[in-house]
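Chain nomenclature is as follows: A, B, C and D, assigned in order of appearance, with residue numbering initiated at 1 for each chain independently.
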Amino acid sequence: MTTNAAQIGWTREDMARRLALDIPNGSYVNLGIGIPELVARFVPEGRTLIYHTENGLLGMGPAPREGLGDPELINAGKQQVTALPGAAYFHHADSFAMIRGGHIDLCVLGAMQVAQNGDLANWSTGEPDAIPAVGGAMDLVAGVKSVFVITQHCTKNGEPKLVDRCTYPLTGRGVVNRVYTELAVIDVTPGGFSLVELSPGVSFEYVQERTGAPLLRQGTLANGTRHEDRC
Amino acid sequence: MIDKRAPGPAAAVADVPDGATIMIGGFGEAGSPIELIHALIDQGARDLTIISNNTGSGEVGLAALLKAERVAKVICSFPRTANSTVFPELYRRGRIRLELVPQGTLAERIRAGGAGIPAFFTPAAAGTLLAEGKESRSFDGKEYLLERWLRADYALIKGRCADTLGNVVYNKTARNFGPIMAMAAKTTIVQVASLVPPGGLDPEVVVTPGIFVDRVVEVAHPQHESELVASGATYP
Amino acid sequence: MIDKRAPGPAAAVADVPDGATIMIGGFGEAGSPIELIHALIDQGARDLTIISNNTGSGEVGLAALLKAERVAKVICSFPRTANSTVFPELYRRGRIRLELVPQGTLAERIRAGGAGIPAFFTPAAAGTLLAEGKESRSFDGKEYLLERWLRADYALIKGRCADTLGNVVYNKTARNFGPIMAMAAKTTIVQVASLVPPGGLDPEVVVTPGIFVDRVVEVAHPQHESELVASGATYP
Amino acid sequence: MTTNAAQIGWTREDMARRLALDIPNGSYVNLGIGIPELVARFVPEGRTLIYHTENGLLGMGPAPREGLGDPELINAGKQQVTALPGAAYFHHADSFAMIRGGHIDLCVLGAMQVAQNGDLANWSTGEPDAIPAVGGAMDLVAGVKSVFVITQHCTKNGEPKLVDRCTYPLTGRGVVNRVYTELAVIDVTPGGFSLVELSPGVSFEYVQERTGAPLLRQGTLANGTRHEDRC
């Protein structure tokens, strides 16, 4: 039933563009590795976001031009970046003070599974042979004000990533606020998954079929406002 | 563009409500944001809780705020210093409450508030009068006290220079509590002698990154508490 | 005069004994003190416990130290990265132990070690697999884990410039774990590209004050891990 | 019996000079307010000490020349000071990390009372009308490697300051290593007060009479070395 999934709905760029619409001007944002990094390309005209990278830079800019990089100016994915005017460097304890202390407005992460209660699993499949590696994900979900997940709706095998209950080891409990997939934008509310927006040409039923838990057609957002009130 | 400039001290503190908890930077006069404190006196908020290392001197700045009876409680390490008469007088008359905290514990509690650490263990004050009512625990044979974070609604601090994104550098030992208070308050207001555009500060030397700062105010020629006290000045 | 210079990387690490716990700075290659690590490989100490965010890449620097089977245990947040094959292979063969720590908790535990805070509460990892065996407690309705400090016998870190008293400044995101590891080790050894006399660094911009540093070594042209890996280099 | 005390034994400067002899080259030292500040004047030729002041400066120098001071470059006693070449400024949490983390080699403090078990009282008489003020003393005694006390042997009323048990509120338990008075240098050892040195012309009995606990003629230092081994 998911053989056509790749052709249906938003592209990764569309997903990132859609997510970027929801970030208020002036936000301090931490972008995870992978699809989340795309978000930086689609900040709407007139908004300025300030990017935090947990390895010690606030005011991170794009990759340097060829030959102008410094191997010691990198992002959390260990790729070379630049520092924008108004940037600041700091050490790791200060960097995670920003994260844990609630100073970062938003982080955007990938996911293996998101449960209807907001639980997130994105660091380990729990398989015995896997090399466990957690990085800063647990600190981010525990401390950042809003956690957005950007991910394909299903795994490569067609299994839902939005689930009743996570089966993989958790990154954090009840931490996800909103999920962006190629099919839909979905809030995590006290009542469970709640549809915010469908991608063009995708039906509610199509999304529900590919979601491992009930999807509310509309509902109250986790912060108590209605969909219409969101930025 | 992000621009955290406030037009002046009065505008910067305009929304402070009665009952607010306010961290005020400074160790003695070094780093004391006198102009912001005076604006707060003019503004009129009362029933405040003040977290600051000292209680001011003479009848200007922090001491003037106390003298105006706007402060219900002070959390500090050293409420008596040379030329400090306002606090002792209020305290003896029972007009102000005091939570006395060892200086390093005060600093660490503020830093913990900013860093999202709700509680930590420290050896300072273990086995003393200031340990009363506190949980203690032994680690590796040494006794420690459990201390809670301190957070505030506002922080008023003084820097040397800031950019419009809120990055701040300080002047010498006026740095003291500024960087940690900036982290621990919901709204952090910084007065600086000089404001520059983004790029005006080397990212390597920024002490307080702009993420911790909400409003910056230029006060080009800040007053010095000791000079005001020596001249017999009072405020308002 | 106080002069913390060591004549070279070999002399700087000469006294590291078998079984030592060593913090090694760096996030990926940024801030990785490759020359000090290579000197440690030459020196021969074994059965080491290494505290470092990653486990190195290729077969140089930290990965080469692991490859030489000098390391009994690694405490880190992210032991697999691009071009990281040495650790996974040793781990799967049961030749090395791993204590996996969330990155912010790792940083805070190191900072706590340096600051004399034996334990603190953090929200990270509460309710997860990594909370197993840890004490948890609720503050203001939120769950936190009790975490212990981390201290080490040695710290090997990389700065940009130091003075002979041990004051250090760093290069961009190579700062990362350097300043906190310098605080948390009995003996802190810093390699820098440039060494200056006291007064050569502005006291306002010093990141690691000299009190945290025991030995400084000038390595004028430090190697970059990514370039070594790209060239297929191995060590020794 | 103490009417002549003021004329007997070392002057304050002598006490400070004697104490300074015991500080090894290269030590990081925090000097309390009052008599402890005198120690900085008497560092023996050939030794360099680095002074820490808890309000955020390592590498503190003497008072500035008239007219050259900065009201924002002060010491813990709020007096204007200078910064020597190789100094560093830092914030209060970092400053007390140096103290609590065991990085400061020595602090020199005044005292109201020192007990034979090393308890120190130096912050409050506990009188109801007193304004309590503790400052950084409790952090210093809890974290600094060695704690030296420099004080007059008795109070102005002739009461011993070296006592069996402190009656004033404590600053810290079992924290004092050595006491310097105008009459003697006295170690705090597991066995109690132990004489290290008498000031010229002062007898053991004279000191014992003015000390509120037994004074050992000689003994093992707290660190296990003998008097003769001290630096």
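Please note the rule applied: a residue touches a chain if its C-beta (ideal position, glycine included) is under 8 Å from a C-beta of that chain, and two chains touch if they have at least 3 such contacts.
Being a predicted model, the structure only gives us computed values, none of them experimental.
Taking each chain's centre as the mean of its C-alpha atoms, subunit B lies 30 Å from subunit D. Mean C-alpha positions place subunit A and subunit D at a centre distance of 56 Å. One inter-chain figure worth recording: subunit B and subunit C are separated by 34 Å, centre to centre, where each centre is the mean of the chain's CA atoms. The multi-chain contact residues of subunit C, meaning those touching 2 or more other chains, are 108, 111, 115-117, 122-123, 170, 172, 204.
Residue positions of subunit A with contacts to 2 or more other chains are 57, 83, 89-90, 93, 96, 99-100, 142-143. If the chains shown are joined wherever they touch, the resulting network has some other arrangement, not a path, ring, star or complete graph. Per the contact rule defined earlier, chains pair up in contact as A-B, A-C, B-C, B-D, C-D. Only residues 27-31, 53, 77-82, 87-88, 91-92, 98, 100-108, 110-111, 122-130, 170-180, 207, 224-227 of subunit C touch subunit A when the two sit together in their complex. Those residues of subunit D whose C-beta lies close enough to touch subunit C in the complex are 25-26, 28, 48, 50, 52, 57-59, 83-90, 93-94, 96-104, 142-143.
On the side of subunit B, the complex with subunit A involves touching residues 1-2, 111, 113-117, 163-165, 167, 183-184, 197-199, 201, 203-204, 206, 209-212. Against subunit C, in their complex, subunit B makes its touches with residues 108, 112, 115-123, 137, 139-140, 142, 144, 148, 169-170, 172, 203-205. On subunit A, the positions that touch subunit C within their shared complex are 53-57, 70-74, 78, 83, 89-93, 95-96, 99-100, 124, 126, 129, 131-139, 142-143, 169-173.
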